[in-house]
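Below you'll find the structures, each written out as structure tokens.
Common to both upcoming complexes is subunit A, partnered first by subunit B, then by subunit C.
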Partner chain A sequence: MALLEAKGIHKRFGQQVVLEKVNITFEENQLSGIVGPNGAGKTTLFNILTGQHWPDRGKVFFNGKNITRFSRQRVARMGIARSFQIMNLFDDFTAIENIMVALPNVRQRQFNMFMNVPTDSAIQDEAYEVLRRIGLDKVARTEAKNLPYGKRRALEIGVALASKPRMLFLDEPTQGMGSDQMSNLIDLVLKLKEIVTIVVIEHDMDFLVEIADVISVILWGQIIATDAPDKLLANRGVLQ
Partner chain B sequence: MMTDTPILHLDNVEKRYSRRIILFPKTTFYLKADFVFEEPGIVGVMGANGAGKTTLFEMIAGTTPPSSGTVYCMGDDIQNVKYRYRDRLAIHYHQSYQVRNIQWTKPEFLMKSCYYDYPTIHLFDEPQFNTQDGYIPFMLQFFRQLWMMRCLVFISVHPTEVFQLEIVEHLCHQYMFVHNGEVSHYDHWQTFTQDSHVRDYLGNTLPQYEAQQNK
Partner chain C sequence: MTSLRSYSNDFTKMVFVFAFLATVPLWISSVGLYDYIAIEIIIWCIYAMGYNLALGYTGLPSFGHGAFFGIGAYAMAMYQVHEGGTSLWVGLLLSILAGAGAGGLSALFMSHRRGIYFALMTIAFGQVFWFVAIKKREYTNGEDGLLNLERLPVDFGIFSLDVSSNQSMYFLGLAFFMLVVLGLWTLIHSPFGYIIQSLKQNETRTWFLGYNVHLFKWISFTLSTAISGLAGGLFALTQRSAFPDVMSLHWSGIIVMMTIVGGGLVSFWGPVLGVMFYFIMRDFLGTYTSTWILWFGVSFMAVILFEPHGIAGLWMKISQRIFKMSPGHRLLPPERTLVPTPEPSNELV
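Entry: the complex of A and B
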């Protein structure tokens, strides 16, 4: 059984057709990619899979359970985390504080979340462990606004990882990155693939070819091809 | 699909936009279309900016009502199908900035439902053929896939480069040209490109393409 499955998803914004009868499955422990040009419907599909939007028609199943009309908080609690195309970090907080805020044990405290946190060594250790995984343990005490762009992107992934998700969605993680930052990101994502099921959306097909086990091409709101990267590239060559 | 029902029939369709200057209305836009498509296929549509390609697509998709005449999609007058079901007959893919709101002409309860789940008519409004990002092969495969599924596919293009003409010639089975308020229909690339209006519209791109083909 697929970990996440979307069946017959339709979405309209006014008269604009954004998704048309999308069927897609994501297997556990696989890194899946969704590619398509700007405006193809990638982010809307992500928003529906992660509970940010509800589809007009169609259903989403996570681990066999119908989560179509769950709130995004409930979807997140079930184990689906995501990063955004536009970064969502607390700029005045340090890297470790950004991670701590996202830890489930801290979030449960709600408005009292920072009470005793700086001295709670268990929480600090947990946050350091997340930072170590994403290679940011050496800049733990640096404010997010002072981190270079690539590290801010990595920190955002760390924030999503802090909730200990079973599935991690990354929305255009390479946006604005140079080639060095991109290769660091590839290393990071490949490392994370060992511990979490990942779905990445990108319009840069070359990046996904490096990291994905399976890639789906989305155009005009429809999935028009799904295959392993090498087969997809071969197919593109044949089509060309 | 019923075999004796045309997929698309524009029966003496006219669209007119007017502006009233004191007492006298002045026509600012006029488009006339009268054609039938019985069979699935891929149709290339060209015409200068403002000629009426998007208006033609909007009338087929039912978002803009014709001033006179009737658009039949799969045998149904699209203006008589409930608004929310029209894109199950004809679907219009376009840039978001082009989206205009559907024009409501009568209450929905007076209209018909639609029993199709997936549209048969697909209208692509100037898809971006960008050679840099590698999606062109998949786009072309998608158009062909729709045709294999017995859909009728319209692709409006505004060719400015030789490769775009190559795509249109090899992809499309028929061609249309929107010019001077009329929609002309051609069964072959040769007859299409022999039309003097088409040649004027395509400028230097067509001779360059023809020279490349003759090499």
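Entry: the complex of A and C
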């Protein structure tokens, strides 16, 4: 059974139809990519799958459960985390504070007034472990706003990862990155692939080909092909 | 350990502030001030600390908070005048509940709003409460206010303390100030505190971490108004009366200015600095010129233009440069001596 499945998703904003009869499935422990040109409906699809928007028609199932009309925080609590195309961090927090607030241990005790977050050693251990995994342990006490761009992108992934999701959605993670930063990001995503099911939106086909097990191509709000990267590259229709 | 040092630093600072405030009655008259101003300062410090929970920590720009301060004052006054109440604890509990009730009710309509829309609704609600206080003469005595209140004794059952003198009233205010400070300090270092600071910075991200942002805004605003109600109740006791003027837009603006000038946006102690700055300007500068409020306004404009983080922000800049203090003076997790990891860290530079 697919971990996440969207059936017949339809979404319009005003007169503009953005998604039409989109059917897509994501298997557990796979890295799936969604590629398409600007305005194809990639981010809208992401927003629907993560609870930011509700579809006009169609259903979304996560682990067999219908989550179509769930609120975004309920979707997050079920184990779906995401990063954003436009950087979304807590800029005044340090890197470790960004991670701490995302930890399930903090979320589960959100009304525990006697827990001191910055001095709780179990919370620190967990947060440092996430930072080590994304390579930011050395800048743990630097405010997010003072981190360089590549590290901020990594921290954004770290914040999503800290919530211990079953599924991680990355929205155009390479945006604004140079080639060195991109190759580091590829290493990071490949490492994360071993512990979490990942879906990546990109318009950079080369990036997706390097990391994805399966890629779906979206055009004018419809999925026109889904296949392994090598097969997709051999598909003349898709390349056109 | 750094964490213990941070902890002890914070507590040292807290103990120092409490100790300093405890000595105020000993020297205040020798510097040319009267002891009533000390009570005013301590009560406004409670009010400002409570207000800063909404503005500084949750990012809720309330411009109608005076209403909740006034409602707390009226709760104490009506308890005494209409009910013949004689228990300080009941009176203050009613002040807190009245502040929280009015704040909670308002926040039901406001917690899903942001920025300018939130601010406008706080003004609207503040004006509604102020208008009711003026028009419902049978309860509030209108603009004439409720007069001749008693400074109710602090009754502990086996003994009670008289607070009719200004000095003893000051110590009652100080005791509540200490409770509020300790409560708020605990709160902002708890998960709740981290979550409200998160939503202040980025609501969208906070939603996607699984938190109900509207609920946290509602709770934070209601707690803030509960503290304002407590301060209002103490204020009514202090001046032995309750008037609607503290509920006006003008007085709501003053608490915003105090908090921002002091540096509440970046510092736990900022509101205290702002309150002291305001009252010192009023009483020192007020002896030389009747236009002291103009100069307070000018200082507010100077802060907005040159140092938006206020007095505390200025001090932070200096101390970060000189003492290399941590960002925002927040209690931060300790630095770790990094142990070698099985695989090298993935550097994204």
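Everything below uses one rule, namely that the second predicted complex is superposed on the first by the 226 of 240 C-alpha atoms of A that agree within 3 Å, B and C clash if a C-alpha of one lies under 4 Å from a C-alpha of the other, contacts with A are read in each partner's own complex, and residues count from 1 in each chain.
Heads up, the rule we're going with is that a residue touches a chain if its C-beta (ideal position, glycine included) is under 8 Å from a C-beta of that chain, and two chains touch if they have at least 3 such contacts.
Since this is a predicted model, take the numbers as computed values, not measurements.
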{"item": "Touching partner for A:D137 - first (subunit B), second (subunit C), both, neither", "value": "second"}
{"item": "First, second, both or neither for A:S163, with subunit B first and subunit C second", "value": "second"}
{"item": "Partner chain in contact with A:A154 - subunit B first, subunit C second, else both or neither", "value": "second"}
{"item": "If touched residues of subunit A are counted for subunit B and for subunit C, the larger one", "value": "C"}
{"item": "Touched partner set for A:Q175, first subunit B, second subunit C, both or neither", "value": "neither"}
{"item": "First (subunit B), second (subunit C), both or neither touched by A:I224", "value": "first"}
{"item": "First, second, both or neither for A:L89, with subunit B first and subunit C second", "value": "second"}
{"item": "Touching partner for A:T68 - first (subunit B), second (subunit C), both, neither", "value": "neither"}
{"item": "Touching partner for A:E20 - first (subunit B), second (subunit C), both, neither", "value": "first"}
{"item": "Common interface positions of subunit A, toward subunit B and toward subunit C", "value": "none"}
{"item": "Touching residues (chain side subunit C, partner subunit A) in the complex", "value": "3, 6-7, 186-187, 189-195, 197-198, 201-202, 204-205, 207-213, 326-328, 330-336, 338, 341, 345-349"}
{"item": "Interface residues, subunit A side, partner subunit B - complex", "value": "12, 14-17, 20-21, 36-37, 39, 203, 205, 217, 219-222, 224-225, 235-236, 239-240"}
{"item": "In the complex, subunit B residues that touch subunit A", "value": "63, 87, 91-93, 95-96, 99-102, 117-118, 124, 127-128, 130, 133-142, 145"}
{"item": "Residue numbers on subunit A that touch subunit C, as the complex places them", "value": "50, 52, 72-74, 76-77, 81-82, 84, 88-94, 96-97, 100-102, 106-107, 109-119, 123-124, 127-128, 132, 134-138, 140-141, 143, 148, 150-151, 153-154, 159, 163, 180-181, 184-185, 187-188, 191"}
